[in-house]
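The following pair of complexes shares a single chain, subunit A, combined with subunit B in the former and subunit C in the latter.
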Partner chain A sequence: MNLFDLLVGPFVSYGFMSRALVGAVVIALSAAPVGVFLMLRRMSLSGDAMAHAILPGAGVGFLIAGLEILPMTLGGFAAGLVVALLAGLVSRLTIQREDTSLAAFYLISLALGVMLVSLRGSSVDLMHVLFGTVLALNNDALIMIGAVATISLVALALIWRPLFAECLDPNFLRSVSGAGQPVHLIFLALVVLNLVGGFQALGTLLAVGLMMLPAAAARFWVRGLEALCLVAVTIGVASSYLGLLLSFHLSVPSGPAIILVAGAIYLLSLLIGNRGVIRTRLVPPRHRIA
Partner chain B sequence: MRALLATISLALLTGTAFAAPIPVVASFSILGDMVQQVGGDRVAVTTIVGPNADTHVYEPKPQDAAVLGEARAFFVNGLGFEGWLERLVDATGFKGAVVTVSDGVKTHEMPEEEDEREEHDHDHAEEHGHHHEGLDPHAWQSLGNGLIYVSNIKEALCQIDVEGCATYTANAEAYSAQIAALDAEVKAAIAAVPQEERKVITTHDAFGYFAEAYGVTFMAPEGISTDSEASAADVAKLIDQVKHDGVKALFIENMSDPRLVQQIAAETGAKLGGALYADALSEPDQGAATYLDMFRQNIALLVPALLGQ
Partner chain C sequence: MAIELKDLTLGYDGHPAVHHLDGTFADGSLTAIVGPNGSGKSTLLKGITGILKPLGGSIERGATRTRAIAYLPQSAEIDRSFPATVAELVALGHWRSRGLWGAITGPDYDAVRAALDAVGLRGFEDRGLDTLSGGQAQRALFARVMLQDADVILLDEPFTAIDEKTTADLIGLVQRWHGEKRTVVAVLHDIEMVRKVFPEALLMAREPVAWGTTGEALAPENLLKARRMTEAWDEHAAWHDEAGHDGHAHGHEQGRAA
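This part shows the complex of A and B:
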């Protein structure tokens, strides 16, 4: 087996492999920057919470329209948005903080979802329908991922500066402009959009994993926001490619393979990154020697 | 009400001949139908996992425990099919008979397991008959095994209701004759397909016993249980196989993820044949509401697709 067969061959010979690569790369491109902002805002776990929150919406979409990708996506998006907004509102209007209110609302939403799904009788059916696999991307799913990525990247570019300011110091942004609240809401909508798109096409694990792991790994290499996003996207793309190759050559499930590669990159970064354990703890900083 | 009272008093007077039906429980829809066929009017069958639902990953409800508490017998497939079985029986403290209808069936292991073990441990199943981990539970997919199920059901019903034994035996004989007739029909229909063209792909390899009994090769992109995820290598292998062997028929079973098969169909140009029923019956209006109808429906889909019609 030569190098071409090892590294490129699978994607040339098999349509489903190139589709899987395109899908995962596009999601990495759009979700990794969102993950960076989530991390900076200390909301790294909300991705997971949201994953559960969209269930009832997608379930309602399925009950109304059947196995159609658009109604389920819209339903999931609406449910995720409602949970995010309610959590945000509660944290702003009451003494409760956003992590607690988000936990409360996503649990309510999840329970509602499970109930809706089992009212229909066949729970497995719906879980399969709701959560895709990266190996079975059809044209609809690819178009949807593309649309999600486009909207997400354009919107991020538009709110980039105020969003960054809000990450650093929300009170400052609120004192100098009225943009804080809308920017926060637009950002939450982008999080939900990326997750819902990802669930439909790739499954929960991949959608949340490609959002958070590259961002977390990038943190050990660089400081600046732009640099963080670039490194995160690169890690996301590399994980998708290597994970699919692993899945192909070693015959392991694709979703977990991609995420485990991203996880390995995270652990490696944790150890040997510029700002990782070894450099900061074991190698003495130069200015102290001088 | 008056009629009911009359019936009850009549029943009391005449012994159990007109007694209320005996409550029994069956674990899933196919088995429910078979028990009803053998039991006839004398038993009232409640099915735990209903039509179109997946028994492998079912979550028992409190209602199931209540139903089971009333029942005289609990009919299960066994062979590890009902993973939740022991927990449910323990939880309800069910004291009646748990009847494993697959007793006496010649079992075989799941295809993947076989591949791995073939060289060093060929007779694993015979040595460790009690170890159900790698066994294929979908024994009812061969009508020959269906006959064994029927006889086990009859035996069990005769034990809990001795007076009805004659009825059960008669029902079982009539039902067995139907099953045997259908078995012959199925064999004849499949014999019309040339041996080398009997290759089918479905989303769920529940057709191991069918394959063995009727000489059809089933290939699947996913493993036996609906909770395992396919790898890229599996899908690629399958696409190669479809192209190489010229497989014409792709079937989506009634509950696994259809998208994977659609993708394979799109990539190979093979045709999708419809929904084969594997481990659940359909709703009454969908044409596969009984064990025999399920078989007829599967054959009606399978044979034309294999012939490329």
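This part shows the complex of A and C:
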């Protein structure tokens, strides 16, 4: 087997592989920057919770229309948004903090979602929804993923400055502009949108992987915000490609393979990154004369 | 621009933190707000910026919109671990002229550099915020206030945990703003500094204790009065509208006398 067959061949010879690659790469493009902001706002686990919260909405879509993309996507988007807003509302109106109410709502959602999907489908259908089917992306799914990525990147560009200010110094933002609250809501909507976009390919449970793992890994390499986003996108794209390649050659499930590659990159970055364990702990510190 | 407070009450959960405050920060005045912890000083600044809505009374800001007020929050409220450079932090001061989407261009960054120069941070543009000391961060925030070029400047405990040299430099800036006829209000704890630098003072203990020239407002009997303030809320204090009259017979008055 030559190098071409090893690295490029599968994507040329098999339509399902090239579709899978396009879908995963496109969703990585927009999910990774969203993940960077989630991480910087210390909301990494909120992303995970929202990913679970999508399930009952997708379940309702599935009950009505079966394994169809649009109903499940719309349902998932609505459910994720409702849970995100409810969690924020509960923390504002009661003594309970947002992390606790988010945990409560996503557990309810997860149980409800599994229940709904099982009402009509088999356990195979449930596995589809939970872990995705990146090798079975049809045209509708690809168009949907493209739309999600386009909307996300444009929206992110539009709210970049207030989002930056809201993370850095929320009180200053409130003193110069009323944009803080709307920007926070738009950002939550972007998180849900990207999770919904990823869930066709990777399922509700793993979609958050392409969001958080590249962002977390990037933090070990670079400092600035733009650089973080660029490195995270690169890691996300590389994970998608390498994961699919591994899955093809070793005949292992593709969704988990993509996330495991991203996970491996994270662990590697943790060890050998510029700001990782080895450089900061084991290399003897030097200092300049001034 | 003058700021007029009319029977202003600000607070949280219906409990007043600033209670029935009447008075005016005159156009171009330089005022220090002094008082014990929990006396409503920061709350008053948040009220003036418009972040906090009044529970009663009103704030007249003349023709100027609240957004034309430069506000420097307590430094602890800024996330210094966020991956931003000093220049990016200071450039936020262009917000009023550039808004959400306006491009920040070369001349704007020249202004950023000039402001950093003025606060003694030449060459710090590309430094990350996490590499700054507390004093350097505070200097950067003063540079941002400079860029905002506002008629009214509100500073919340700007010199807490700042060394003497930095404090002296930043006070120089405050006096420069005063010379430029801007209205400056600062929350401070150092009474000696207030006496030396600030012509006017407002002494607070949730109720206004005294407001006027610094010498009169910070007279010993007033300071004693302020020190007697009880910090705790009276959970069973009568509601203002249930008290039945507009006098000062509120439940918490009992607490203060105790």
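Quick note on the criterion: the second predicted complex is superposed on the first by the 261 of 290 C-alpha atoms of A that agree within 3 Å, B and C clash if a C-alpha of one lies under 4 Å from a C-alpha of the other, contacts with A are read in each partner's own complex, and residues count from 1 in each chain.
The rule is simple: contacts are C-beta pairs under 8 Å (C-beta built on N, C-alpha and C of every residue); 3 or more make two chains touch, one makes a residue touch a chain.
Keep in mind it's a predicted model, so treat the numbers as computed, not measured.
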item	value
Subunit B versus subunit C as contact partner of A:158, first or second or both or neither	second
Touched partner set for A:172, first subunit B, second subunit C, both or neither	second
Which of subunit B and subunit C A:224 touches, first, second, both or neither	second
Subunit B versus subunit C as contact partner of A:136, first or second or both or neither	first
First (subunit B), second (subunit C), both or neither touched by A:40	second
Touched partner set for A:254, first subunit B, second subunit C, both or neither	first
Subunit A residues touched - subunit C or subunit B, whichever exceeds	B
Subunit B and subunit C footprints on subunit A, overlapping residues	none
Sites on subunit A touched by subunit C in the complex	40, 158-159, 161-162, 164-165, 167-172, 174-177, 179, 223-225, 228
Residues of subunit A touching subunit B in the complex	10, 13-17, 19-20, 67, 121-125, 128-129, 132-133, 135-138, 244, 247-257
Residues of subunit C that touch subunit A when the two form their complex	49-51, 66-67, 69-71, 73, 77-79, 82-85, 88-89, 92, 95-96, 99-101, 128-129, 144, 148
Residues of subunit B touching subunit A in the complex	50, 52-54, 56-57, 59, 226, 228-236, 239, 255-260, 262-264, 266-267
